[in-house]
Structure formats: structure tokens, C-alpha cells
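Order of writing sets the labels: A, B, C and D. Residues in every chain begin at 1.
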């Protein structure tokens, strides 16, 4: 369901900066349904990739073979990202707070971390330069604290947070994430239980359509038949 | 003779930033005599070129075909020149002054030029970054004024000025160009007559050997049979 | 070409036709002259004959450049007349300065830092050359401001219909100029299938995502050249010295070869032996394996 | 490889083994472990398994990085143990910050300017992230200091005997890291004749003029990959999670596959089915014409 909702967020022809896992699945699902001209850019330097297998890493050789352009990483960050050429960026994180700020650096204090996470990678600059950020993350009070332990990627450009139970949006007035849509059969209280602050709701909540048979078929039989990323 | 003297200034294995005309002839003469491993870099981006014909421009396609590397101009200026990877740079100019400063910009005041020359091109940064600058220029009081009308390329790194009558060097103590060597049959007064300031001499003047028959053969029959650059 | 210029090049624009000796779009320059564009700010490292023609034709208000000569020949006479007669504004850098301006523009930074200009008169002639202090070492370094053209025109060997563009041989600052620009017109020798581009993605210099229009114009770079397609027309460069020395002769040249033809195809038909004389020989490299 | 590491990698050096997923020189990392180098400052965007191994083997005093994980799998456990146990110094940037540090080093500038870090905690965690004021617009922009390693090791598909090195597929920051470095070791799948390099000069990423040593080491990037030669060994990356979770198991791995072999050839002989499983398929592009 998360991959399906994420896919539906992408408009045809958009330039998307994409990571591995669910975002990659979502982009490829969108390309095979309503957005055949989506341009996928990976921070590894592959532009317009059409991978013949599910890439296991953003540096997978399958992203190179048959792509439209392969450039160095200085070009990726300067000419594409900083230049403002990326419309959508996907991010995930160990923690997402009420402002949409993301932490992928440490749990606990920086100097004496309880858990050392991988760090920013390209996430800081993606959050700053992509026009619209989509976060994909499963709900839990730990993952959605009121305030992140470390602010790796600022939340200003976060458009939506696609969770396993519903969709949050950033409310422009308050700058807070608010509940905007619910998946079939899910109640707002279930979403609130997975969030570490008092989650407000939009006046009118979207009821999101369940995956179509086409979407399910593509995901399960074509895009990820080995269920590498489709665990739920 | 100028091409021969310039060629002899180059040591085997050196990395040379080379322009068109006599410097190019000199480099190719050196490559065929004592310096087969000279690496020629052109500001157009051709590295290790071995042109099959005499290039008419520094962007000649013959510099590309069969070269070791072709890179963009941002790389030429940042990764090679500014990085300090260029050992020798050749420059010429409408005016060279007593400090070795070069003018390739204007004769007369900048705002109301008597003669508008092409401008710096890469000359300003070549003069600043190449470890050793060789100037090739014919003597005349106009071409060697006491002070250039416009300082395009600073003279600090000028090692020698190779003229049609003798060789000047930069004296480290005074910072002035001084007479260092004479061509066969030329008198010091002839050189002084071509210079617009009181030219000092080294205590001991070099008497430069005339071109060998090999050198002359290579220049006239192999490298520039149509006498594009060998006018004198 | 007519449509692309009509649509994307406007009076008063900051226009860049780049290409260092290689891949200079004379075809685009001629079309701009034919469409009587005015008050352009023309930017280019080496104005070359094409800007000399555009200056002579009255398209240019200002020239931004780093080396204004006829390479391997001598002066650009229309340029010299305009500067010595003070009818053309100029803004002058060195090559590195111009490259840095495009690099800043392409990276969407307001300036670029370089070690340059110490001891030269260039910053006095051009107050836009400034300096910055390194926050680590305290050193003073030169800066130039970003250059973000309204439109950049790039000639290339090949592109697909979307504008994914591949270039080999000298690369100049084509990539930086294109990424720095609001609009990009790509002019190619050959339109190829997307599969050709995808078969060798490392050769792609400009992606379709930044391209406004693709124009197919074989021989569109003459008298400049396209590696693998045709040689540089050195005779033309030498001949330009004579043509451009007198305004009247230059004017006759424009009448015959620019205003007097409708497009590049007619330009080539007028000179039937050109193609034969300049057509490139064959020196094809082997491909590499992109398999995994 | 033994000679190159003995000669060019010294205790206390700032060492870079670059390659973004692609072309990571595991062979060089293993040789550095075998030669018991100590107190190294290891720099790399993505430390990957090779730095995890070098950290576990005690080579590293400090790690400079931007993303320290096992790509597509999870954590680098030796790294995590060292950081959580505070036995390893770290200096942390984002990817763009590391790319910018190499770019500055390669251009021999003391710093690089970027639009980044506004609103993040990274500058608080790393005081070397500073800022500069644009001399044109007055904007405040982030800066990072240049990174100039003592030695950079680059794996590549092919080079000639002098070190003119060609790479295709993902390019990472190989060029910038090499140009930034005092010494450069190039490790290649294949040594080719200079004529092969000269037949396609646009593919050359690193020129011989900056190369200290060329080492021929087929399969030297395994479990990373070399486009056109062999695939990434994803099974190994997944398996590393188990191996590295326990110090003792990791230690056994090093004993068997690093200390227990003399060189990469022996490493490959120990795993006879590896080559068969990972050998690249054929997807060769056509060549282009460099004639004129």
C-alpha cells in the first residue's frame, strides 16, 4: 500500500531523485501505470535509468546499462540538485518529527550515541533542494517523536509522509505534519497511536483507494517477485 | 632559430601548456629530438596530443584524434593549471616589459584603445600557475616597452624570453629581464636596439649553438613543410 | 531552426552560442541575424567569426568574452571596429574567468572562486572581478559572478528526439553553459534513436530534462567543425580576414550567405564542393561493454 | 599491489579508496590490512565493507565520511562498535559536502562553496562546516575545507602502462579524489596498449601525469563490481551483516580471506565459483568516429 500511494503521488514527466527500496518500487510502478515519462535520477549518477532488475543498491550496475546519461557525483549534486532541476525527492529516516524534520544520524546525543545510524548521505541536500519531498516511513511513536534527536534533513519542503496506515501532510500555516488521508479500514486513532505528538487532522480526511489489481499484479509479479521490499 | 632555442628549453617528461604557432613547433621538435616523453596540454582540453598535421588552431580536430585524454575546459583550468600540474607554459604578446609582464589586451588606454588586441584568453592564469613561463617574441622597441600599456599576464614566473636575436632571462634579484644569450653572429647592441629600456646583461653571455642539421631538417621538411610558422 | 530561434531567442536576451573551436553553431547565429534580433548581450569565451558576423549585422549591444581574435589568423575586424569606435559595450574576463562564470551559473551559485588575476590589470578593467576571504586559511581569492544566460545554443554530434545529447572530441564549456541557461537549444548533426543514446550513457553531456528544442541541422557548425563528421574549414577562417576588413565586403558576404539563403540546406547547396572537401575520414574507436 | 602499498601508503597517512558502489578497490584495502598500516585517516563518502574491515583490523585512527552503512542491507557493525565505543574519531559531512571537499582539493582551492546545511545540525556536529558571504549578492553560503589526501587508490576498468586510466559506468568522485591527492595508485582490471587509450580519449578520466603506480589486479574490486567485467556480489554484502555482527566472526573472516591469502589471485582461487557466478554479460556499445 505504501508503494502504491507513493506511486500515485508522482506526475508524468517529473524528475525524481530516488533511493533504493520502496521509493524505487513506487517510481517503477508509476512508470508502468500513469507516469511513463518519469525521469529517475540516482545520486550515483545514473539519469533516466530503466533497470532490468530490481536494484539492490543505488549504485547497482543495472541502473547504468541502458540509462540516458551517467555523470559524476559532482554533477549530480551541483548541476542537478543544487541547480533546482529535481522536482521530487524521496527520503526516509529513523525519526521524523512534527515539523517533518528527519534524523538519519544518531539516536541519543551526537558525541555519545545510543545508536549510530549511517548519517546524511545525500539526504541533507535533497531535503534542501528538491522542490517536493515525499517521506516513506512506518508509523511508531519511536519513529515519529515530537523532536528529532539530530536534525539531518530539514522539513520545510516535505509535502507528504506516506506511512503504513495513512498519509500526513505538512500544514503550511502551522508548519506541523497533520493527518490528511487514511488507508481503507484504518481509523484515525490508529494513526495517532503511532505518532509521538498530538496529531491534528485536516478538516476533511481523504479515504485512499486500495491498490488496484493492476497495481498489485505489477508489484508482486513483475517489480518485486522475490519480495525484497514488499514485506508487508 | 627561435623554435630551436625554445625546443632546447624543454626537458624530457615535462608537462607543457602549449599554444599554436612557434611554441607548438618547438614542442614537436623537442618530442622528436631529446624529449620524446613531453606531455603537451592544450587549453582546448586535449592532453598528450600527437597531431598528425600541424594544428592551425588550439582547437584543431587533429589534436583530439589519438590524444591520451580529452576533458572539458573547467578541468583544464581547475584540475591541471590551478592544481599546479603544468610545468612549462608558453606565452607571446604584443608587448613585453622589463619585468616580463605581458600585454595582449590593448594598445593605448583601456577605455579608448588605439588598437584592440584579442585579450587574455588563458594567458593570465597560465602566467600565474605554470611553474616556468617561456615567452617567444620578436625584438622591437614597440614590442619591448619599459612598461606595458595593460598588464594582462604578470611576469613573476617568466624564466626566459626567446627572441629572434638572443635570449633574455629574468634576474631574480632585480626582477628585470636581462640579456643572457646571443644567437650566432649577433651582437649585444643589436639586441639592445630592440628593447625599450636600458637592458642589462648577465656577467657571462651564452653563445647559443646554431640549429643542427637534424633540427633544421625536422622543422623544414617534417614539421612545417608549408612554412606556416617558419617565416624567418 | 527558424521556429526554435523565433520561439526561444528574444530581443534583449543574454545569448550564448558556445563551442571551443569545435561545434560552434554558425547555423543558429545566421538564423538570429536573419530574424533581425537586436540588443543581444552575446557571451562566449572566444567570439570567433560567428559573433563577428552578428556584431556586423547589428544584433549585439554588448559582448562578454575572454579572447576576441580569429584563431590562428589574427583580428576579428568587425569586433575591432565596434570596440575602437565605441559602439559596442564589452565585459572582459580571462578564459578561466569565463569558465568559472559558467560553472557558477550551472551550479546555481552566485559566484565562483579561483586563484587568478593577482598582479593583472583585469580587475581594474572589469569591476565585476572581485575577491573573497577563505574562511579556513584567511587567503584572499578572486571571484567572478555567475553567468545565467537566457538562452544557450549548443551544437552536438547527436541527440535523441527528447534532447538527450552526446558529444565527443573537445567539450569546451558546453555542459556548463547549458546547465546555466534558462532555455537550451541543441542543434545536431544527426537525430538518433533513444536506444543509441542509451547504449553508451557515459557520452551524454546534456540531458533532455534541460533542453527546450532539438534542431537537426547537418553541417550546421561550418566553418567550425564536428569531430567525426567534418573538418574545420581553415580556408574560410583565413579568408574571413579579407572579407571582414571592409564593412562593405562583410556586408556583401552577409547578403549572399546569410540573408541570401533560407536555411543551412541552401547555404550548403550554394557551396557544393564544401562537403566533399571537408568530410571527415574514418577513425572509429571500439565500443566498451556495459554488461553486468 | 604489495610493492605499491609498501611504497606509497604510510602509517599516519590520509588515505582515500574511492568508488561509489562501483570500482571499490577491496584488493588495496586487503593489502593495507596485511601490511599492518596504522593510524590512518580513512576518507570516503560511503565507508562500505572495505573500511569496515580496515576499522576492524585496526588500521584506522579516524574516519571522514558522509554515509556509513551497508548499502541495501543495514549497518556497518565494526564501524558502529568503534563509534559507539568511542575508539574511532569521526568527521562527518553529507555526500555533497564530501564531493565538494574533493572538488576543492582537486582544484587546489582551500574551500568549496555550496548551498547546504541551512537548518540542519551538521555544522554543530562538525565545526569545519563554515560559511562565506557572496561578494555580489551578500548571501551567506556554506563552505567545506579542501580534502587533499596523501594517497588515493582508484580501481578502474583499464589503463595503459603509464597510468592513463579509463572508466565507464558510475564515475563517483574518482577523478576529483585522484587530482586532489599527493600520490595516486590506479588498480585496473586490464592493462591495455596506449593505442587503446588513444583510440577513445574522451573516456580517459585520470591522466598518467598524476599517477604514481599502476597495479593490474583482475577482480580487485570484488565484492564491489566493475561494469563490463563482473557484477556486484550482493550475496556477500548481505552475508557481511552476519559476519560483522560479532568481532570474533569478523576476525575469522580476516584471518581466512585477508591474512590467509598472499594476494588477490589466491583470494580468487579460494572461491573458484565466484568468477562464474558474477562474470558480466555482453552489452557492448558501438564506437564513435574520431576522424576529421
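Here is the rule we go by: a residue touches a chain if its C-beta (ideal position, glycine included) is under 8 Å from a C-beta of that chain, and two chains touch if they have at least 3 such contacts.
None of these values were measured; they are calculated from a predicted model.
S.K.: Please identify each chain that touches chain B as well as chain D.
M.R.: C
S.K.: Suppose chain centres are the mean of their C-alpha atoms. Which chain sits farthest from chain B?
M.R.: A
S.K.: How big is the gap, in whole Å, between where the Cα atoms of chain B centre and where those of chain C centre?
M.R.: 28
S.K.: For chain A versus chain B, what separation do you get between their C-alpha means, in angstrom?
M.R.: Chain A and chain B have C-alpha centres separated by 58 Å.
S.K.: So the centre of each chain is just the mean of its C-alpha atoms; given that, what is the distance between chain C and chain D in Å?
M.R.: 37
S.K.: Centroid from C-alpha atoms only, then distance chain A to chain C, rounded to Å. What do you get?
M.R.: Spacing between the chain centres: roughly 40 Å.
S.K.: Multi-chain contacts in chain A: which residues touch at least two other chains?
M.R.: 46, 61, 64-65, 70-71, 78, 82
S.K.: Which positions in chain C touch two or more other chains at once?
M.R.: Chain C, residues with two or more chain partners: 108-109, 114-115, 168-169, 171, 175, 199, 202, 225, 227, 231-232, 280, 283, 290-292.
S.K.: Go through the chains and record each pair that touches.
M.R.: In this structure, the chains touch in these pairs: A-C, A-D, B-C, B-D, C-D.
S.K.: Applying the document's contact rule, which stretches of chain B touch chain C when the two form their complex?
M.R.: These residues of chain B touch chain C: 20-21, 43-46, 56-61, 64-65, 70-74, 77-78, 81-82, 105, 110, 112-125, 128-129, 150-154, 156.
S.K.: What residues on chain C touch chain B, complex-wise?
M.R.: Spelled out, the residues of chain C in touch with chain B are 20-22, 45-46, 65-69, 71-72, 75-76, 79-80, 83-84, 86, 92-96, 99-100, 102-103, 114-122, 124-125, 168-176, 225, 227, 231-232, 234, 237, 280, 283.
S.K.: Which stretch or stretches of chain C touch chain A in the complex?
M.R.: Residues 106-109, 164, 175, 179, 194, 197-199, 201-202, 204, 207-210, 290-292.
S.K.: Which bits of chain D are touching chain C when the two form their complex?
M.R.: 108-111, 113-115, 128, 130-137, 139, 141, 143, 145, 157, 168-169, 171, 196, 199-200, 202-203, 225, 227-232, 280-292
S.K.: Could you please specify the touching residues of chain B with respect to chain D in the complex?
M.R.: 15, 39, 46-48, 50, 61-62, 64-71, 75, 78-79, 82-85
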